[in-house]
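What follows is a pair of complexes built around chain A, which joins chain B in one and chain C in the other.
Here is the complex of A and B:
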């Protein structure tokens, strides 16, 4: 038997299937990762995670400290401190809840606490709005948190395991936010393969904080007053850790493939039908579903279209993504977020892509789209329209200067 | 053509914050009268809202905007024409944060520049506190007690204008007495203040401090680690376990390890003197000292680590025995040596030393303890009412 089919047999034999949502998949991953401390404060859609964890603990399936705080700020502080003493922790929130914890969120990277948090992406509460939008997680995009966007419940489970492995690597020790689109992922149940504990144990070593562990046997002071004589060096250390994360992510995915038998391709972005594509769309999260469906249909009609889904937003794989995207004739970037007053009035991703392409010799036109805000569906006709506009840019060799709002009532 | 002139005021956080600001404002406003341009600013990183912490304010005066910008492009001037120490105990050195090390008070004073100190001590005593310099500089002493006030209150005892009045005398290039007087009149509208400035101008004399004169100690300093060497995670070593204290054959007690990067003693204007024979070993000083300054001696008494003490006076306040822990003016001490060792070496001599020290209890403290204390002080020390000359 060749090694590949041996893995396949092993996979089929060992994994169990369950019908669970993306949040529930993250909850299962916290059980498999034997997370020590989970902190919670309810806000939709993140609360689906805390509910499922509570259920697992109540059912005797999971053994962990489960702390419901009085606010998101405390929730993140408790998780931070748990990480400081060497406990593996899970935290999370959504929308303005995530923002309320911002003081804790902002200092977590400098303290090098490998906290993993689920962000159930949610609009920032323009009265009561709870549909998905990526501005919550993106508010912390520059601070030293790793950010990954997933698009299926399976990927949510696998990525949570991956996140601990990468975050807790001594070369990294940075927090990681796993973004899961509200509703589409947090409230939809799909069939998910749950790996056996032995695989997870092989993949994920215990969290060892080493000389940075706060413990009576290792007397240290964490976070003393720092002023201008220190802060730049601290920032540079965080920067180095984030640079290191690129290689560590590669290693983790390689190991994951070896043990779990899935997760092919570049960890940082997924390529869908890009092989001979002339135009591609680029996006993050669950809008991948309608986009892929449209691309399949257009491919049947012989059109050379493809999709690139950015998975790891921080660290950003500018080298390979830039090399890949420079091959196409035009690129359409869909942002499920906004960045008011930014260059070209684009969302965040479009300008990251523009910056990435700047280092390339060939720079295809970039058409930027804003779509699906506040949880509005990115429909099949909308995707078609975006591909059509991108194709026009390819033909003209030039993109419209301004960002296109898709599916907005005039 | 006129050149850019830098003046530095070294002061104590909170207690002299307004004083330092007034002096620097006065310089710039007076220079403006002569068509010059200037800036007055505090060293932001000092965080001067901490009791007694050594902090700095600067006034830069330039002939024109371009020259001023040239100097402003570097936030803190490397050398000063005049450094003003508004508390004479700052002559022992300046340490505002961890890792700064000890900066001599005269560190920035240029060759032939001037150090002005407000003090009731003679120039010779002050020079003994100041670290030696390889180049000569001049010292001017303005007789005054340190003008300490609070965060919300300002003690208008003319210290500000007296220093302003001294400036045209020691550095005529900076500004004329006439301009200083005009600026004071405009800023305070107080003729007595104008007079105080002129009197100080008339009385101020300088004495040259030669290279090598002063405290020969090499001030402690540290190298700030680079990002590749620094411990990660904004983490520093905790205070390590300490060790017993040895004296002759005697071994016992406990001396904790202390932060080697932040000694803090330049914050104080007074320090505790301990009468070990009076100590009833109640532990209160040791427990209550906010900076863990006390070592447990093999006798089970408590010895001061004078490098760590910021002079807050809590130990004196909590000690239940009269005259057992007594705060004494910092000016009475030349070093940070162990009191307990001196006691062990010669108890009689130590007792005499304690008795002598106790005659120098601080009239000045961080603020005033009762109404009228300031008036009492000036009456006793011979400085005219309100500090005016």
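Here is the complex of A and C:
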């Protein structure tokens, strides 16, 4: 039997399927990853993760310290300090809860603590809104956290395992945030393959903090005052770690494919029907569903359209993404976020794409869209409109200067 | 003993720390040594030294932002012989829980050796009594984790330029509450009663105490008790601060004593629900020691130099009230009398 077939047989024999939500998929992953310390504090939609964890703990299916904290700030601080003594930890939040923890979030990368957190993406309310918006996670985009956006419950489970593998690699030792769109992913159930423990153990080595573990046998001083004498060198080291993460992510996905038999393609972004596409849309998270539906329909009518879903936002694969996107005649970037007063009044992703393309010899027009804020549905007609506008930019060889808000009342 | 006073799951191993019988029996080893940049006469530096001397080498210290972080740990030097880690200003409670929880999980799962490790998390009055109060309260509810939170109280944000905190005494001159021509007194808040608040509000917590490093052996023995009793514990230390209180650095020890002898800083502990006054405080209550007038304490400090006789009288009346009207004198207010004292205009 050739190796591929052997893997297929192994997959069929050993994986179980369960109908679970994105949050539950992450909870299952924390059990498989033998996470030592989990901290909880309620805010919708992220809190569903810890509700599932609580059940696993209560039913004796998971052996971990499960701590209900008194604020998001404490939740992240508890998890951070658990990581410092060499315990694998998980926490997370949503919306303004993530902002409440921001002080702890800001210091974790420089401490080189590989904490993994789930963000159940949610609007920053006021005004009150539970729905998906990416500004919560994106607020931390520049701080040294790795950020990955997932699309399905299966990807949520798999990516949680990969996040620990990458974050805990000594070449990286950086925290990782897994963004899951609130409601669309956190609360929607799909069939998920749950791998056997042996595969996870083969893939994910124990968290080894080595000579950085805070313990009486290793009396080190962590995070002293460095001031202008050393801060820049430490920032540079953190930057180096983020650069290293690109290669480590590749290795992790390669190993994941070998052991689990899934996860094809570039880890950093997913390409959908891009092979001969003339125009593509680019976006992150669950808006891929309506976009893919429209593209499938248009492809049936012979239209050359495609979609690129950015998975790893930090580190950003500017080289390959730039090379890919420069092939097309025009690009439409859908932001489920905003960045008021930014260049071209765009969302965050659109300007990242513009910056990425600048290094390319061929720079197709970029149309930037803002859509689906606060959990508003990105509808089929809305996607069609965005593709149409992108096609017009391709024909004109020029994009509108300003950002287009899609599906918003006049 | 009443079963409900037991820690629910005392599964993390506890250290055996015998009481120190007199200053000559104190361990010679130092775990907080040279390399720090604290001010001359800094009582908080002595608190750090006594704290880890009492705890011993199998100790991990977490320090939230404040003087004892900034002055003690300049990169490429450290005054800590035991492992030490910074935590955020309001995170002393969370740092203690996270560290203790990490060890507990790793020991239970056999990932590290099972042994007693003392976890001490310290905070200043800004970090503890103001910003970190919620996290400390949370920490004192999680009975599975053995740790001590020590609040070193120099009664201001002393590291950032002496700003008023919730633990600054009434009327004190700080950079956020200077006395001026129109307003003699800007800081009108009465000092928070942290130890009693936490003891009263966290009924399962097995040890809460107040200390003063002027009484070094008493101080170290309370650290030892808090670390060996199990579960989360809290100690509040009053630390005279030459810079913030504006006095000659040679008087730090004396000012600590005066705060106790004037009845301003009662020494007490709540051990498994049992309240006990100790040291000179107990002597005052039992009539073996005369309670000194607050004037003797206040007038040695520049931060009260603007006080008029009315201000001193008001301060005295409030302290008298602690000892004559409080439901539990010196510890808990809830007087049943109508209070007449008002701040002087």
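We adopt the following convention: the second predicted complex is superposed on the first by the 410 of 410 C-alpha atoms of A that agree within 3 Å, B and C clash if a C-alpha of one lies under 4 Å from a C-alpha of the other, contacts with A are read in each partner's own complex, and residues count from 1 in each chain.
Here, a contact is a pair of C-beta atoms (placed from the backbone, for glycine too) under 8 Å apart; a residue touches a chain by one contact, two chains touch by 3 or more.
All figures in this text were calculated on a predicted structure; none of them were measured in a lab.
**Q** Touching A:212 in the superposition: chain B (first), chain C (second), both, neither?
**A** Touch status of A:212: first partner only.
**Q** With the two complexes superposed on chain A, say which partner A:110 touches: chain B (first), chain C (second), both, or neither.
**A** First partner only.
**Q** Which partner does A:240 contact after superposing on A: first (chain B), second (chain C), both, neither?
**A** Touch partner of A:240: chain B, not chain C.
**Q** Identify which of chain B and chain C touches the larger number of residues of chain A.
**A** Touching more of chain A: C.
**Q** Looking at A:224, would you say it contacts chain B, chain C, both, or neither? Reply first, second, both or neither.
**A** A:224 sits against chain B and chain C alike.
**Q** Does chain B (first) or chain C (second) touch A:270, or do both, or does neither?
**A** Neither partner.
**Q** One more residue to check, A:136. First (chain B), second (chain C), both or neither?
**A** neither
**Q** State whether A:69 touches chain B only (first), chain C only (second), both chains, or neither.
**A** So A:69 only meets chain C here.
**Q** Taking the two structures together, which residues of chain A meet both chain B and chain C?
**A** In chain A, residues 219-224, 226-227, 229-230 are touched by chain B and also by chain C.
**Q** For chain C, which residues count as touching chain A in their complex?
**A** Going by the criterion above, the answer is residues 57-60, 62, 69-70, 73-76, 78, 80-88, 90-91, 93-95, 97-99, 101-106, 108-109, 111-112, 117, 134-135, 137-138, 142, 144.
**Q** For chain A, which residues count as touching chain C in their complex?
**A** Touching chain C from chain A are residues 34, 36-37, 63-65, 67, 69-71, 73-74, 77-87, 89, 103-104, 107, 206, 214-216, 218-227, 229-230.
**Q** Provide the residue numbers of chain A that touch chain B in the complex, in ascending order.
**A** Touch list, chain A to chain B: 110-113, 173, 211-212, 219-224, 226-230, 232-234, 236-237, 240-241.
**Q** If we count contacts the way the header does, which residues on chain B are in touch with chain A in the complex?
**A** Per the touch definition, chain B meets chain A at residues 45, 47, 97, 99-100, 224-227, 230-241.
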